[in-house]
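These notes are about the structure you will find just below.
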Amino acid sequence: MANEKKVVTGLGKPEIHRVLIRGYDLTKDLVGKITFADMTYLMLVGRFPNDGERRMTDALLTILVEHGMVSSVVSARLCYSTAPEALQAAVASSILGAGSVHLGSSEWSAKMLVKALPASSSPGDLDAAAAQVVEQHAKKKKRIAGIGHRTHPEGDPRAVRLFEIARETGVYGRHCDFLQRICKAAEAQYGRPLPANVTGAIGAIALDLGLPWQITKAFALIGRTLGAVAHIGEEIRNPMAENINAAIKSQMVYDFDNK
Amino acid sequence: MANEKKVVTGLGKPEIHRVLIRGYDLTKDLVGKITFADMTYLMLVGRFPNDGERRMTDALLTILVEHGMVSSVVSARLCYSTAPEALQAAVASSILGAGSVHLGSSEWSAKMLVKALPASSSPGDLDAAAAQVVEQHAKKKKRIAGIGHRTHPEGDPRAVRLFEIARETGVYGRHCDFLQRICKAAEAQYGRPLPANVTGAIGAIALDLGLPWQITKAFALIGRTLGAVAHIGEEIRNPMAENINAAIKSQMVYDFDNK
Amino acid sequence: MANEKKVVTGLGKPEIHRVLIRGYDLTKDLVGKITFADMTYLMLVGRFPNDGERRMTDALLTILVEHGMVSSVVSARLCYSTAPEALQAAVASSILGAGSVHLGSSEWSAKMLVKALPASSSPGDLDAAAAQVVEQHAKKKKRIAGIGHRTHPEGDPRAVRLFEIARETGVYGRHCDFLQRICKAAEAQYGRPLPANVTGAIGAIALDLGLPWQITKAFALIGRTLGAVAHIGEEIRNPMAENINAAIKSQMVYDFDNK
Amino acid sequence: MANEKKVVTGLGKPEIHRVLIRGYDLTKDLVGKITFADMTYLMLVGRFPNDGERRMTDALLTILVEHGMVSSVVSARLCYSTAPEALQAAVASSILGAGSVHLGSSEWSAKMLVKALPASSSPGDLDAAAAQVVEQHAKKKKRIAGIGHRTHPEGDPRAVRLFEIARETGVYGRHCDFLQRICKAAEAQYGRPLPANVTGAIGAIALDLGLPWQITKAFALIGRTLGAVAHIGEEIRNPMAENINAAIKSQMVYDFDNK
C-alpha cells in the first residue's frame, strides 16, 4: 500500500562509499574479479553464470559485433563526421536500426517461441506445435522470424556455430529444440532447407539462458555498440564519410516528375 | 589514386561462407574461443590482449554498468513505457546522455592528457607539465576534467579500484602516472584533496591500453547499454515508469508569469 | 534496367547555385514566400495545400507541441544536463518515445483505418466494416488504437477541436467519417462512450489530407521536436534536472531480495 | 525556500479539461487560430511574433528542410529499412548528426557572436571587436564558425536570401550586423571573400529574434525532422536503402594489413 507510488529497483544502489549491484559491492566483489559476460548474466538473469553459461554468453556478445560496412556503421560514420563532439550520438544513430528486419529479429523469433512452446515435453506435442506455427504463418503468408536466410540457404554459419556451442555448454534446451523442430516443419511445408538464422539462434539460446523474450536483442545492441565505436575509431584514423557520400552521389538520379 | 574514392575498412569483411574480423574467421577463430573483452580489445586496439590487458578491459567494461536509478536509466524506462516495440530506441535514449558532464567525461580528461603529456619521461618535466595544466585551468577558472568528485572528496572508490587493477595488471603507464601528477599539482594549488574520479581513471587507463582519446567513452557506452537493457528487463516485470512520473508530478509547480 | 541500382529521389537536388525542392527553387520560390505548413504539405503530400489544408496542417503541427512535464521532455532535460554540447542528442532522446503507447499511436490507428475501410461509400457498408473492426478487436481483447481515453471518457478536447477544424476546412473525409463510425460501433459494443482520442483524430485527418498511414506520426515528431527544444531553453535559464532526480530519489526503494 | 526542490515549468500545464501553454488555452486560443511559426515563436521566445517576426520564423523553419540525399537522410532511410516499426528511431538517427561540422554550426556561430559582441553600438567599437574575433581565430588557426563555404566562395544563396528577408522584416539587428562585420574583417585578413554561410545567418538572425544561442539549432532540428519523414515517405513508395548499400559496396576495399 505505502509502496504503491514508490520507485523500486533491485539492480543497483549508490551509497556514499560503495555501489551495490544486485546486493554485491561493485568495487570489492565484482570489478577486477569477474568478466563482462559475468556482469551481463548477473544483470540480465539475476545470478552468476556457470562455466558453460559464461562461455555461451561470451559467444552471444561476440557474434554480431562486426559485419563489415553495413547500414548501422555507415550511419555511425556519417553521424560522427558531422557531429564529432558527440560520439554517443553516432553510436545511438547506429543501434537505432536494430529492428524487426535486421539485427533485432531475435526478439520476434523469441516471442514466437515463447507463445507457441507447449507445456508438454513429448516429441509428438512439440512437433505438433511446430507444425501449427508453420501452418499459421503459411496461412497469413508471413515469414517465420528466425529461420531462413537469403544468402545462406544451407545454413548461416554463425547460427550453426552458436548451436554447436549451446550443445557443448549444456545451454541447449527446450527453446533451441523447439526452434529446430519449427525449421524441420517449415522445410517439410516448403520443400526446401529453412535452417535457423543467426538471430533465430540468438533468440532461442537467450531464452534457454533465462532471458525474457523482450530483451533477447541485448546481444545485438551491446555487440553493435562496440562495433560502432570501432568503426568510428577507424574513421578518425582514415575518414571515409566523404567517400561514402561520393559513392552514393555517383549513383544519384533526381526525378521530380514521377511522384 | 584509383583508391581515392574507395571505401576502405580493415575491421570486417562479410564473405558468402564466413565473416572476417581483422583477418580472423569469426566463427572458426573467435566465437566460442574468446571473451567479449578479447573482442573489445581486438576491435579497438587491433590485436588480442595479454592476460593483464584482458583483466583490465573487463574491469573497464564492468565499472559503469550500473549506478541505480540515474538519469540515463530513467530515460530508458520512460521511453520503453511509451514505445515498447522498440527496445533499441529506449537504449539509445539512455546512452545519448553520455556527455561532457556525466559518463562521457573520460573523453575530455583523456584529450587533456594527450595534449599536455610531454615527450620526456623525466619526473621533473612531467611535474612541470602537470603544474602547467593546473595553472592554465585555474587562469580560466575551469574545472580539470577527470579529477575531483562532489560526494567523494577523499577519492572515488571506483577510481581507486581501477588504478589498483591497472598496477596489478601492468597496464598502469605514462597516462595514469601523468593524471596522478596533475591531481597532486591541483591539490597543491587548491589546498584540498582532488583525486582522480572514475571517468578520469577510465580515460587514463584506456590511453595506457592503447585507445585513442576520442573513443575512451567506449566503456561507458557499452556498459550503459547493458545497464539500460537490464533496467528495461526489470521494468517489464515490475513497471515503474508511472511511479517515476508520479514522483515528478508530486513536485510540480506551474509558473506562467515568471518568464 | 540501367536504373536498377540507381539512387533516386524526387524531393531535393542540391545544385551549385541553387537547391531544388520537388522542382521548386528553394531560395527564389519558397523561402520567404511560404509558411512551414506549406513546406510540410509540399514535402509530405507533393503539392501546395489550399487554404483549408494549410490551416488544418498548422493545427496538426501545433496540437502535440506541449503537454507539461511529460516523459518525453523529462528525457530531454535529463539528457541535456549531462551532455549540453549536444542539443540534438537531447531532442532525439525525447522523440524516441513516440511509440505505440503514447504520441505515436496515430500510426496504428491510421493503419487500422486504411486496412478496414471498404471501397464502397454506402453508410450501410461503412457501418458493417466499423462493426467488424470492433468485433475483431473484442475477440482478441485488444484495445482499438485511436479511440478512448483514460482521463477524458467524454472526449479528448484536442480531438474534438481537430475534428471541428477538419469540418470547417473541408478536410474531413472518408477516414474521419469511418473513425467516427468505429467509435459508435464500439460504444454500442461496450455500453460506454468511446470517442476518438487525439492521436486517433490526427491519424484520420492526416489520411484525409493525403498522407500514407506510415508517416502520420510526423506531426507528433515535428511538434515534440519544438517542444523538447523549448523545454531545454527553459532548462538553460532555470535548471530542473537535479530537482527531477531529487523527486525520483525521494521515492526510491531498493529491493535486492525480491527478484 | 519551500520551492528549492520543486520542479517548475512555465511552458505547459495539463489540466483535466484543457491544456495551458504559456497561459493560453491550447484548444480555445491556439489550435486552428495560429500557425506553426507562431507556436514556435511562442514556445521559444515567450510571446507571439509580429508579422515580420512570423515571416522570418517561417523562413528559418523552411531553409534547412531539404538538401537532397545528404548524410542525415541516408541514415534515416537505412534505419527505417531495418526497423520500419519505429519511424521515430529513423528520424532520431537522422537529426543526431546535427553537430558542429554540419547543420548544427549555427550554435557555435551564435555563441561566438554573443561572447564577442560589445555593449557599445559605435561602428568603430563593433569593427574593432570583429577584427579581434578574426585575429584570435587566426592565431589559433581555427575556422570562424558561420562564415565561408567550400562550394559557394561568392556567398551561400541561402544565407543571402535569409539576410534579405531579415532586412525586409525588420528583424535584422545587432547580431546580423556584427556577423557581417566579422566577414569583412576576415576578408581583409585572408584576402578572399568569406561571406556568411547558411548556419551563420541562421545563428545571427535567431539571436536577433530573441533566442538564446544554445537553441539556435532549433530550426535545423525541426526542419530536418520534416525532411527525414519526407524521405522515409519516399522510401516507403520507392525503397532505396538496398541501392544505397549497393553503391557503397561497389566502392568497398578490405584492407586487413594496413592497421
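Which chain is which? They are A, B, C and D, in the order written, and residues in each are numbered from 1.
Following the convention adopted for this analysis, contacts are C-beta pairs under 8 Å (C-beta built on N, C-alpha and C of every residue); 3 or more make two chains touch, one makes a residue touch a chain.
Because the structure is a prediction, the values reported are computed rather than measured.
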Pair with more cross-chain C-beta pairs in contact, given B-C and A-C: B-C
Chain whose Cα centroid lies at the greatest distance from that of chain A: D
Length of the line joining the C-alpha centres of chain A and chain B, rounded to whole Å: 23
Centre-of-Cα separation between chain C and chain B, whole angstrom: 36
Distance between chain centroids, defined by C-alpha means - chain A, chain C (Å): 30
Residues within chain D bordering two or more other chains: 5-10, 13, 68-70, 83-86, 88-89, 92, 96-99, 104, 243-244, 246-248, 250-252, 254
Overall pattern in which the protein chains touch one another (line/ring/star/complete/other): complete
Residues of chain B that touch chain A when the two form their complex: 5-14, 16-19, 21, 26-27, 30-32, 34-37, 39-40, 43-44, 55, 58-59, 61-63, 65-70, 84, 86-89, 91-92, 95-99, 104, 107, 151-152, 157-158, 160-162, 164-165, 168, 211-212, 214-215, 217-218, 221-222, 225-227, 229-234, 236-238, 240, 243-244, 246-247, 250
Residues of chain A defined as touching chain D within the complex: 68-72, 74-75, 78-79, 81-86, 89-90, 92-93, 96-104, 241, 243-252, 254
Chain C-facing residues of chain A, complex: 3, 5-10, 13, 20, 22-23, 46, 83, 85-86, 88-89, 92, 96, 248, 251-259
